[in-house]
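Okay, so chain A shows up in both of these, paired with chain B first and chain C after.
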Partner chain A sequence: MSDYLYVGKDIPRTIEADKVCGRAIYINDLKRPGMLHGKILYSRYAHARIKRIDTSKAKKLQGVRAVLTGYDLPDVRVGFIKDQTVLKKDVVRQFRDEVAAVAAISLEIAEEALHLIDVDYEELPAVFDPREAMKEGAPLVHEVDARGKPVRSNILPLPWKFQAGDPEKGRRESAYVVKDDVRTTWVNQGCMGTSGCIAEFDMNKNLTLYSQTNVPFLGKQRIQEYLSRLGLGKSNVRVLNPVVGGSFGTKLDTDIYEFIAIQLALQTGKPVKILFTREEEFFALPPRQPALFNIEQGCDREGNLTFREVKAILDNGAYTSWGATTPSVMMMPISSLYRVPNVRFDATCVYTNNIYAQAMRGYGNPQATFAVETSMDRLAEEAGIDPAELRLINCNRPGEETPMRLKITTCPLEACIKTVREKIRWGEKRGKRNGRGVGMASLIHVAGGARVYKSDGHGIIVKVDQNGRVDVLESGTDQGQGSPTVISQMVAEALGFKPDDVSITLGDTSLCLWDAGTHASRHTFMAGNAAIQACRSIKRQILEMAVEFIPQIVTYAIKKKKQKDPNFREPDLDWKLVASPEAMDIKDRYIFPQKAPDHPYFRTEVSEILTRGLHVGTGQSRVVIAEAFYDPPTEMLDREMKGNYSMTYAFGTTAVEVEVDKETGEIKIVQVFAAHDVGRAMNPTLVKGQIYGAAYTGAGYGLTEEIQVRNGRVMNANFRDYKMLTAKDVIPVEPIIIEVPDESGPFGAKGIGEPGLVPTAPAIANAVYDAVGVRISDLPITPEKILSALRKKDVC
Partner chain B sequence: MKKVSVCFTLNGDSVTAEVPVTWSLLKTLREYFELTGAKEGCGVGECGCCTVIVDGDAVNSCLYPIPEIEGRSVVTVEGIAGKEGTLHPLQKAFLENNAVQCGFCTSGMIMSAKALLDKNPDPAEEDIRTSLSGNFCRCTGYVQIIEAVRRVAKGNT
Partner chain C sequence: MQDFEYLMPTNLDQAIGLLKKYENKAALIAGGTDVMVKIGKTRKAPDVLISLRRLSALRYIKKNGGYHIGALTTHRMLEQSTLVQSELSALHDAASQVGSVQIRNVGTLGGNICNAAPSADTAGPLLVLDATAVLEGPLGRRRVPLKEFFTGTYRTVRKPDEVLVEMEIPEDLGRYGSAYWKHTRRKAMELPLIGIAVALKLSQDNSQILDSRIALTVAAPTPIRAYPAEDFLKGKVIADDVLKEAGRIASSADCCTIRTSLRCEAWYREEIVRVFVPRMAKLAAERVKNR
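Our next item is the complex of A and B:
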């Protein structure tokens, strides 16, 4: 094992003690002097023409400072393909369309003012099923595109087409082929902290935005662009992150409410806060992208995969956010989970009058892996091969390049499959059909960044004061994953200081360097690599000072000793030991010669050197600071949608045992083993926390969670009707950490934020099949669906 | 708006508050006393982020009408650490056991757990799960939270 002092250790999160004392400041708790409260009026129809908006009564209400509609704002388009405006005028296209906004001195007054706004609508025909919306003659959600050109279809000009090898040939060479339709649904990210922001302008129209974003720099860029369209090109934008109450994808886009707060703040000259209610959190935030898949794959007689072909239809909703880009990640498991030589993947995103979607933990991976891994089970059955065996036959291997040109570095997938197979006692439990069953599913996910923007860079600034306190200005964000603890461990390790010496500042675009965002399970990987670079320079600076100052300190000490004790014999010191930075090292805040770590004269506490550096008193004083910008040598997807977009990929396998009650259709999760390839765990307890949390959300995805959307309206916008798992729903997860340090990762680490979620739902679906012989390919797997499938099976 | 004046004990101190009669205990704690540890995750009694202890019971303070607090004793997450700043064993266990991720549910979780342990210092896992079932957590999957509570429970016996 390694001889790291801090990396790999279960350092507790004491750095976040404020959170257990009720002292951490979330957006909910943040107030600014003179702050106003903003509220948003949403559409009453899924598709309608706005005939008239009357805000006069609202404007007259005492305490109201601004009422805005789309007619008051310049026509500036926002969003991923600029297909919406901040406040909608003329036409509304979904129930969450923001029609008007109010700022008032209190929340109550703002709410009252919303009731006083009169909007007359004329309802338009709407379309809610993406398959219907694709047909000719379907009602058009948008009549013109972002450039004002008329459009003829609801299909987005964003085709996802991927092909590798020759799928037809693969099909011809197959001994067994299976085909299936799979459906995944809208899922709410369910952050316990609701969304919100505060926008505040100074007299020079510089904007400070207190935002929960996990992409502060891209957010800043979008807002800067927006302001310049408003004629405020000279405004500086500073994005600041308060403590964030969960993200899971919701903070990846700059949301409309943030632009609305900015508009209200501009209008009133006061700081404006918008804070979502739980109901808004459910209907006015983009949830996980739903998808319809048609998947077909085959294998030869020996079980070697021959081809895989997937067609996906994505309900884009009325506007476009990151949901429309989930195919870029779906492509990863479809092309690269297990070795499959011939692959085709087509995804079509279609406008409808439903709520629009975006990212959630795992991006498009949970959807696609559900399709791939349930299909693998079908194929195993068709071919008469044990499902675990089929996976092992086709297991990814280290050093391979996948059809998508992903370069697999380390890959302990085989170990993951074998470990969970053994843990769950697969051989003994499988195939009984007695109401108890086991199933498994694996995953591949980016684990070394994800080049979805031109730069996948990540900056860090490290400075050390004269007392040896280390300040790290870190360009990522923390939405709860524990980055401050992990980064302090990595910095302490790289510097030879202690984690307690390190303070972390996150999420401040003015202080920190650029970063592509804390998404794609990339924070530890990126921050660690940047930190190692910066710390190397810091260490060098300190050791260079040590070369200069240790002789001074030691000579002075000897002189002092001689003065005190005339019998003191001057030691014969080997000054070469401290003659160069290379000859020395730092550990636990002590500088020492590498050849004599415990040297009685040369071993020096860092602050002694640092203080001397500052206090030289000759006009030569120095401070210690270094910055690093780590941009990994990865590739953007090319025109064929191929390219190695991450430095490394994480693998994992989850095995689940379920008990299904044939009378009620209830599923009980008996046990879950989740084996994950993490490179090297920086903090095993925190890694397990990521696996537990993700597995739970994955189980919710599999079993209970679904935003019910009827004719465009969210019907279950509360925790009573939207079923998230509680502490009562026991999901006995045992995380298994598989460590094969990856060369490209800091201290060998790979990302682990998202993987735990990905294989959970398909593993459950496969276990349910093993238990009662029905395949539910439509998430979530509810008791009703099981019962109706059992009934159908009995009839047949 | 009609106001009401209430006297009660808050984290051991006698306090008086004059607030609109429609305010909840949560709003009074957050707005009047500026104790923002209890959080509003839903405002309608479904998430547990606002949990505080009233006369020994864990309650959803978002549903608690302020007039009814008269004469009662309220403990919030801000009131459980020692005066010298030593953390309550639950606070310590939550940090050490990674029972805190984003932390938004944490105040409520800790208060629900405390109400349980005050009544039953050595609860079974089942009791802990039942007591925490009104507190949602999206980050942790509850496992490390339950472990943290059990650790303190064991420590107590």
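Our next item is the complex of A and C:
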């Protein structure tokens, strides 16, 4: 047991009581004086030429303040590889293409105005299957690249090629080799709060953007660049977060609607709010990146992995957002989940006329781990080895360096596998093929930041007032994960104050220092490390004051006592106990000598010292403040796509027991054990919350969730037809926290935001195979797929 | 535009009077779980919405000379009624699976039936319970057996100036048991991919099927009875192969016109009918024995 007072404790999330009581101010609630409402008109075709846009009727509608089309805006390109404009002109390339936008005095009028905009299209041949799109002669989604040069192919100039060791040699040395095609699909992040923002310019064209972004600083940078290209290089930009109702990856890119709100605000000189409907959330917001994998791997007679080779094709959709960079994370499980010496991974991103994709919890890892872990089971069967055993044989170990040059620090993967194996009673339940089965899958994920940008830094400012109240200006964002609670615990621990003393301000580019973004499960890790640095300085400042003021306070107190009581005998005090900051410490708001923590005279409440430091009556008054900027010593991926991009990596294993109805193909999840390596849990309840939520979403990914895209159009843009699991679909998840404190983490913590999702779907797929003997390598695993596969099997 | 006038009569006569007054400009609204969704989706509303909310006299579940369920009875009331649970089990199965608790608190039986969706959850159970709809209009009351009530998708025999007052179920259910299966992809907030309701009347020794009724939802443009499958079962001794054959008949083109939609392919829907007619028949039989 640690002797920490607050970290590691189940402190409730009382900081967020406003959310529970309906008082929290989400973007939906936020109003600005004179605010207008913006709406967007989307394309009616997957691929078409715009022949004519007539906005005259819409402009005449009473209450409409602006109608914009691509023809009204300068040709400024935005996005990760600058392959789109804010409003599209000449050609639309997907159904969600933003063709026009309206600002009006009410939402109803803005909606009405959209119906009054006439657009004539000439439909163009479109392509929806990335494999078709790769072929010569396929319709080109883009005829020119960002620089205006003609292109010949739909393949993105973004090749992902990774190789370590000699895969051919590995293959030759294999006793067993398996090969499989795996398909994962689009899924929606399903945030409770829909997307929205308010853009507001002052008279000097300085912009305040109330944005739900998880990357306020990168967002600000993108917007600042955009404004410069519009000729507004002198504008200052402030990005502010309202309370955010979930992100799960959706808020990593600056979305087109945000640029549209900015344009409407510029045009009208009024604040403009755009708030998505749930339907827009489904078709106009980039979902999880789908991928097609071809995976091949082998092992020797003893079960040691010999090679792994994966080819992936990613449907990029019509434009490029962060979906196209998911291979940088796919590479991690492909190269580094289990010890495999020879690895090759190629990923090709292909433009199609489908919706484009973005980040979602796990960022490429769930897709790739589904391929790797279902293939591991196939290999185990081929080699005649128990699947749990095959995983143990190839288990990652502490201190090793993987083929991708990831430096594994702590690694309790073996404990994770063995724990869930025992919990689910693997030996007794496996291999029955009686409609009930067990399966497992593991994961590796970044858990100590992720250097995807050249700065993976994170800043924090801590200030303490004369009453001993602590304000933390934290550069990350809170999208509902509970960061404020965890950060207040860590700050209180590092300072020797109480969590209730700490107020957290997040998501404000004017108040806070740079942060690369609240993504990659990095917030606790980064904020904690920065907080520890800042709090060390704060503590020093307070203790230096204590050295000065404790003798004054004590001497004065003794003098008073003497005056009141002539018989009072002055104690013989050892002043050395408070002679230097090093001799003292702070805990629970009390300053005390380390050698005599309960000293009757020297033990002093912090506010006494802080008040004296400020209200000194001379020109010497002091405030207590410190800032820290933590940028971990990690590496960017090099040209070979290798490099240690995180300080530490998290492991975990999920075991699932399922029951399959052979007549209907329906799957019932009987139990789930999810063992996760978290370094040290800062708040076990919140850690479990992350695991529950992630495992649930993982089960939805495995079983029910799929955005149905037909010829480029989203067909199920609502929660009725998009089957996210509900509270009634109780999945009995038992989270198991495996603690091996990691030296690089604050108080030993690793990130845990994403891992729980990653192994869930493959563990289910493996359990289904164990139950009824069919492998479904196409997500989601629907009853229809199982029933069809069972029939095929019966026929054979 | 979506503007409409909202009127709240406090008794049936007022409601019928308002319907007569506004004719085709008006529509009835009870719980609003279908009407408001439709208005939101189509962005079109009738000029006048006549709310039946204050007609609390039409919220009841009674047993006297048959079962009488007022049209304004909510799904939640049906779910919480022990009478419905023990004697009209299929209806209980259906009502307790509609949407979510919040939706069941406002959505009404009358609304579910009058909306006449092919997927209406309570339609199948009411069909196998041989229910009759009681309508009231300016010309008085009339009774229409539910099997003749639906005329098409979202269409019924109800005239624009009529209000559905109650559903009547004949009393003699002593040897009957019933059950309803809503096939879905998750456990709440769902429409059925296919719905199967079965009611069986068994002989005193529970061995012989004296009467059988089978209803299917989402298997045709309206909720339907699967008469050929019912006829096949009548008089048979209850046994696995007999029930299996009934499932086969019910899923065949003799009984239904199952189609592929975005939500589910036809072959799988047929498969579910084939599998769940026997399963629900067994459950219904089980319930006869346990009464």
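The rule is short, and it goes like this: the second predicted complex is superposed on the first by the 796 of 796 C-alpha atoms of A that agree within 3 Å, B and C clash if a C-alpha of one lies under 4 Å from a C-alpha of the other, contacts with A are read in each partner's own complex, and residues count from 1 in each chain.
In this text, contacts are C-beta pairs under 8 Å (C-beta built on N, C-alpha and C of every residue); 3 or more make two chains touch, one makes a residue touch a chain.
This one's a predicted model, so the numbers in the text were calculated from it and none came from an experiment.
When the two structures are aligned on the shared chain, A:Ser607 is found in touch with neither chain B nor chain C. Within the superposed three-chain model, A:Glu112 lies in touch with chain C and out of touch with chain B [touch as defined at top].
After overlaying the two complexes on the shared chain, residue contacts for A:Glu663 are found with chain C alone; chain B is out of touch. In the superposed pair of complexes, A:Thr704 makes contact with chain C only, with no contact to chain B.
In the superposed pair of complexes, A:Lys728 makes contact with chain B and with chain C alike. Legend: residue contacts after superposition of the two complexes on their common chain; A:Glu784 is shown touching chain C, with no touch to chain B. Contacts of A:Phe719 after superposition on the shared chain: both chain B and chain C are touched. Which of chain B and chain C touches more residues of chain A is settled by the count: it is B. Legend: residue contacts after superposition of the two complexes on their common chain; A:Met192 is shown touching chain B, with no touch to chain C. Residue overlap on chain A between the chain B contacts of one complex and the chain C contacts of the other covers 719-720, 726-728. By the touch criterion stated above, chain B contacts chain A in their complex at residues 30, 35-44, 46-47, 49, 76-78, 81, 87, 90-92, 94-98, 100-107, 110, 128-130, 132-146.
On the side of chain C, the complex with chain A involves touching residues 1-2, 43, 100, 183, 185-191, 262-265, 268, 271-272, 275.
Of all residues in chain A, those touching chain C in their complex are 108, 111-112, 663-664, 704, 708, 710, 715-716, 719-721, 723, 725-729, 782-784, 787. Residues of chain A that touch chain B in their complex: 12-14, 16-17, 19-26, 28-29, 189-194, 243-248, 277-278, 479-482, 685-686, 688-689, 692-697, 718-720, 724, 726-728, 730-731, 733.
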